[in-house]
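The following pair of complexes shares a single chain, subunit A, combined with subunit B in the former and subunit C in the latter.
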Partner chain A sequence: MPELIAKSALDGRSLTLAGVTLAEASAGPITSIAILQDGAKDVAKGLKPLGLAFPKPQQFTEKAGVRIVWTGRDQAFLIGVAPPELEGAAVTDQSDGWTVLAVTGVAAVDVLARLVPMDLRPAAFPVKQVLRTQVSHMNAIILRTGDYAVEIMVFRSMARTAWHEVQTAMEMVAARSGIKI
Partner chain B sequence: MRIDGKGLIDRTKPVRFRFDGREYAGYKGDTLASALLANDVRLVGRSFKYHRPRGVLTAGSEEPNALVEVMGPKNQTPNVRATVQEVFEGLVAQSQNRLGSLRFDLLAVNDYLAPFLSAGFYYKTFMWPRAFWEKLYEPIIRRAAGLGSLSGKHDEGAYEKAFAFCDVLVIGSGPAGLMAALTAGRAGADVILAEESHALGGRLLSEGGTIGGMAAADWLAQVVAELAALPNVRIMLRTSITGAYDHGTYGALERVGLHKPARPNLPRECFWRIVAPHVVLASGALERPVAFPDNDRPGIMMASAVRTYLNRYGVSPGKRVTLFANTDQARATARDLMAAGVQVAAIIDPRPDAFSVEDCPVHVGAEVIGSRGRLGLSAIKVRKGNETFEIETDCLAMSGGWNPTIHLTCHMNGRPRWDDELAAFVPMAGAVPGLVAVGAANGTMSTHGALATGHAAALAMVQALGRKVSVDLPEAEDMPYKPKALWLVDAPGRAWLDFANDVTTKDVKQAAQEGFRSVEHMKRYTTQGMAPDQGKNSNVGALAVLADATGRGIAETGVTTFRPPYVPVSIAAMGAGGRGMGFAPQRFMTSDQASRDRHAPMIEAGLWYRPSYFPKPGEATWREACDREVTMVRQTVGVADVSTLGKIDIQGPDAGRFLDFLYTNTFSTLPVGRVRYGLMLREDGLVLDDGTSARLGDNHYLMTTTTAGAGLVMRHMDFVHQAFCAHWQVRYISVTESWAQFAVAGPMARALVNSFVETPVDLPFMGVAPVRIGGVDARLFRISFSGEEGYEIAVPTRYGEALFRDLLARAETMGGGPYGMEALNVLRIEKGFITHAEIHGRISAHDIGMEKMVSAKKDSIGKAAATRPGLWGPEREQLVGLKAAGPISSGAHLFVPGAELHRETDQGYVTSVCWSPTLEAWLGLGFLKDGRARIGERVRLVDHLRGLDVICEVCHPVFHDPEGEKLRA
Partner chain C sequence: MRLKCPLCGDRDRREFYYYGAEDYLHRPAEGAPLAEWDNYLHLRDNPAGVLRDLWYHEAGCSQWLLVTRNTVTHEIASVELVAERAK
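What follows is the complex of A and B.
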């Protein structure tokens, strides 16, 4: 039979309002790595060829477009590359479970402040920091990828709601700055 | 009237607005109250109970009288304080709480009934006759209750919620707040300066004077400019801090768009949650009225408010003003008015030793004992010694001293402290952790004191933050504040304490006489402090009267409890984004569009949207579609999206052991490539969830949960793992969202599946195998929830829509097609499979006939508790099937035919029903006392709600293919 057609949750759409851009990002493979008891050394060895180390809590590291993102106790997501052979960990494909929304622009954090109950000031949420928190009522993983850039990972089934929530916040932030939309 | 050359309004920007149908002119920078006063409109509302004429009393958010309705294109907002609402071009407002016009309010008749309407009137009057309550009293009370009115329509305006974090939150921007913000701001700390009004400055906007050798206005402009230029200082205008909560969290309401014509997407209000480790409370003080007879006429105002209208808005609220005040500070009102060319008819000062230097008649040791004027003040009556006389006046400025605004300091159960010298309550230090009250909010009434305490508090915070700063303290007025308490004037007549709720000194005294001596009881008995202003103007005065009436001191009498919010907060702001579909996230399956394309009505299952049925042309009812879909699955093949079922990937050497502990039955012995049905109990022994788990590898399982139970089971697993076996080598993660999964069921299911997979597999019943479909790695399960030969195909979610549409195309060619939730439900009832309709939380394994699934060879969660007496045995209601010729309903109860119908004879209840096109009968699942022993008996099904009374046959719950031959074919 012919090949199945792949689709993302939001068809890669994007939207720019008042200097803030919201776009569905394509993350590539996402793999959960959950270290088993005494497995940390083996995992470190397995990650070495990628030039990545298992991240510290609430942090992510990046090398050559590949990220490893802390997502919980002894758990991280390897994003952007197929997982290497790993001993000492439970390895689970998560590629299709998440939708990644990239929010960029000077006011990106102001938009997020409408949705996320966390301290997003640069000192509390610097670049390379990751939060496991909520976006409105949705469980989310939020990465600070730049001074004016964040990525929000939400469950794929909730992508449309997440988009709607961020878009609404963007519209209100834009309207406050006097821009007519 | 407007005074030329005065005020901070922008005279280059005139605006027109309407009040009660008439057009008026004002300026940008005016509030509705100042603009109405500029137009000589004194009557703006009616009081709650007696419908007495009411005018503007204050110039701030504490206003009890000037409450109006603001009419927007989509909103009608009641109880808007005219003293807070800024005017803008096109503003439409109207007065409220009246029957007929504001000038001739028909309900003003209540005022003549006042002798009958005193405190406790409701409690005494509406007691008898009993029958009158529902038909007569309640409708009358409901008609009379409330001040403003609502449109009855949904509020479709835009509202916002937001979070903010800072090092130092400064509440209020008078001299104390500005000094604190400047100190913390220069030190580089992140500062939020929240100001309730639309401009920074607080009382500095209303008073003259000098600071640091320059005019106060110039000092203010300089500080505001510096603060605005500091990147670490965030100025939040029109923002009231509404509450102090745990962990340094403060609620705040920002009026974002209420001062402008409505615009799409511009929030009307934003409800903030601000988190700050250090807080400077510089909320100032509220001037208190004096209770003298007829002190509630329009034209009688607070002295400080008169000063504000004059100096900030360029308005004199009267042409011939009188002043009744007990402090030296209040004399500024008379001086400022005279300097602006307004006639001051007299100053009445109750202090016999007060000075009288003003260039107008000054009566020391005198009191105002009455007033005249039907819809507005025309004269006051003054008593000096034995002499009484009248003074013609259209505005009386009154002051009984000041109450520090201590509201927020009491939100965490701290009680304020009575200060005899100030004759006021002041905050107890440390009542809210991290919060320091400064300036007038802490009882320091001079400008110098405000600057000094704001500076000192901010310095301490800056040091605590590990920062350094040096800010010079500017010089300013440091006049001593020594009030002589003046709560009420002893004279005959009604003297108002609570203007909004019409509570007089007489009511408070009566409450005390009738035994309501506690301040909390007095408050509830008289309704004092229960109007929209929450007693900001009346609390201290009322309890002073109560203290006097009960022969106690004020400190001993105490205050009522201050609770958030400090100002009224609209529910729309707190619930921003949550209206309609915004209430909860929506979860969509990959097949969503394909189902909607086929006009399938979608129903909510948890947060998911699932197709109810797939109508075909000519089908008039859902039942026709459902019956067809059921028959289709039984005879050819059906396809359903089952992606919503919870999927949990479990790995590790102890994975099997972990499942053995979670499930009542054994999974460690399950061969790789096989699937097993499992039952999970809660710790209390009742059923938590059921589902299948597949063994994908030696150390690798995939658990399936019900749709509703997915989150519940995950939480349960986390608890079990962390609490009982944290050291086990097992890890798990949800993969619900990672896989789109489709059920393919029916006699032709195998043919359909095999036409898809690259290499056909011969799977046994309850088998699982990796397959490839259309170039994609997929999983094939042979499981069935329909009773037919059934498969489930799982592909990575990105391919879900494609696979669903492709499967349907082929299924339809074979005479099959999609089936929805209705058909799925019928199929499983025919087969006797349970859902959460049956395992609803009060059901044991024994009740559903699964007691043999509780393994005797191992321990599992809930096993011990399940053996408790009362959880098993013939006295329990047990799962049975029900069959009837006519319609039956879930929720109906079961009785022995011929028995009386009441609670004691209840034999059980029905949980699921359907019309079965396969058996051509109504089928049900339900729980019947000792049901398994009663198969073949007849029971009477009664549903009082739907008017059903049907005789049913008790059956084995599995109606269709009881031997399971079709499943295993």
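What follows is the complex of A and C.
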């Protein structure tokens, strides 16, 4: 089979305004793991070789560049590695279905405060926490990846809309801080 | 109004889709008398006080929730996962 080149929705573009950087991140393979009834033990066993455990609600863990992210009741996304053999779960390739936007910088939270109906400040949303909520009216998965870093996963079909929303909020925050844009 | 989703935590009402009374969880068995189906489909109480109804966490974890709340005081007494409840 010929080698096909995977293209991301936003060509890996990035934009910096007033110290906040918005960039498309490349996530690698994304696999949904939905635990079947009484399957939790088998899933735990299958994840062991990766050194990962199935995450608790609103949590994600990371090991050697591989993440496992809670995304719903008895459901998690394994990101950054091809999935291992798993019993006890419905395993679905989601790689092409998502776009990941990384928002970094001290004022990243101020930008997202204009779009997300949740308190994303570090005290309420610490590192290694994940939320399923909305960005404007788009359903999203939001990960706190660092003290000044947040990643937003949206449906790939919404990539440009999400980019536009975040960029507009960045322009507003930049204007407020008195910086010419 | 805010609902404390058992999975997602405290969330604004606008994240939820309203469905209706708890009665929808109690579907009559096949062959049940017509009066029971009539009750299930159409007859609802409209209490001034404690009410149990179904909400869907549309903008969050996509779970159905059974909410016990008070229509007079607006107090939310409990929010349970319908899926866990059926287990």
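FYI, the second predicted complex is superposed on the first by the 176 of 181 C-alpha atoms of A that agree within 3 Å, B and C clash if a C-alpha of one lies under 4 Å from a C-alpha of the other, contacts with A are read in each partner's own complex, and residues count from 1 in each chain.
The rule is simple: contacts are C-beta pairs under 8 Å (C-beta built on N, C-alpha and C of every residue); 3 or more make two chains touch, one makes a residue touch a chain.
On a predicted model such as this, the values are computed, not experimentally measured, just so you know.
Asks: Return the chain, subunit B or subunit C, that is in touch with more residues of subunit A.
Replies: Counted on subunit A, the partner with more touching residues turns out to be B.
Asks: For A:Ser157, decide between first (touching subunit B), second (touching subunit C), both and neither.
Replies: A:Ser157: touches subunit B, not subunit C.
Asks: Under the stated touch criterion, which partner chain does A:Gln134 make contact with: subunit B (first), subunit C (second), both, or neither?
Replies: Only subunit C; A:Gln134 stays clear of subunit B.
Asks: I'd like to know which partner A:Glu165 touches here: subunit B for first, subunit C for second, both or neither.
Replies: A:Glu165 contacts subunit B only, not subunit C.
Asks: Of the two partner chains, subunit B (first) and subunit C (second), which one does A:Arg114 touch, if any: first, second, both, or neither?
Replies: First partner only, subunit B.
Asks: Have a look at where A:Gln58 lands relative to subunit B and subunit C in the superposition and call it first, second, both or neither.
Replies: Touch partner of A:Gln58: subunit C, not subunit B.
Asks: Quick check on the superposed pair: does A:Ala174 touch subunit B, subunit C, both, or neither? Answer first, second, both or neither.
Replies: A:Ala174 sits against subunit B, while subunit C stays out of touch.
Asks: Classify the contacts of A:Arg13 with the two partner chains as first (subunit B alone), second (subunit C alone), both, or neither.
Replies: A:Arg13 contacts neither subunit B nor subunit C.
Asks: Which partner does A:Glu3 reach: the first (subunit B), the second (subunit C), both, or neither?
Replies: A:Glu3: touches subunit B, not subunit C.
Asks: Overlap the subunit B and subunit C contact sets on subunit A and report the shared residues.
Replies: 117-118
Asks: With touch defined as at the start, can you tell me which subunit C residues reach subunit A in the complex?
Replies: Those in contact with subunit A are residues 7-9, 11-12, 14-15, 59-63, 81, 83.
Asks: In the complex of these two chains, what residues of subunit A are touching subunit C?
Replies: Touch list, subunit A to subunit C: 57-58, 72-73, 117-118, 131-134, 139.
Asks: In their complex, what parts of subunit B are in touch with subunit A?
Replies: Subunit B residues touching subunit A: 158, 160-165, 190, 256, 263-267, 273, 275, 577, 584-590, 607-608, 649, 651-653, 727, 729, 731-739, 755-756, 773-776, 795-799, 801-803, 806.
Asks: Along subunit A, where are the residues that touch subunit B in the complex?
Replies: Listed in rising order, the residues are 1-8, 32, 34-37, 74-75, 89-98, 113-114, 116-121, 124, 136-138, 155-158, 160-162, 165, 168-169, 171-172, 174-176, 180-181.
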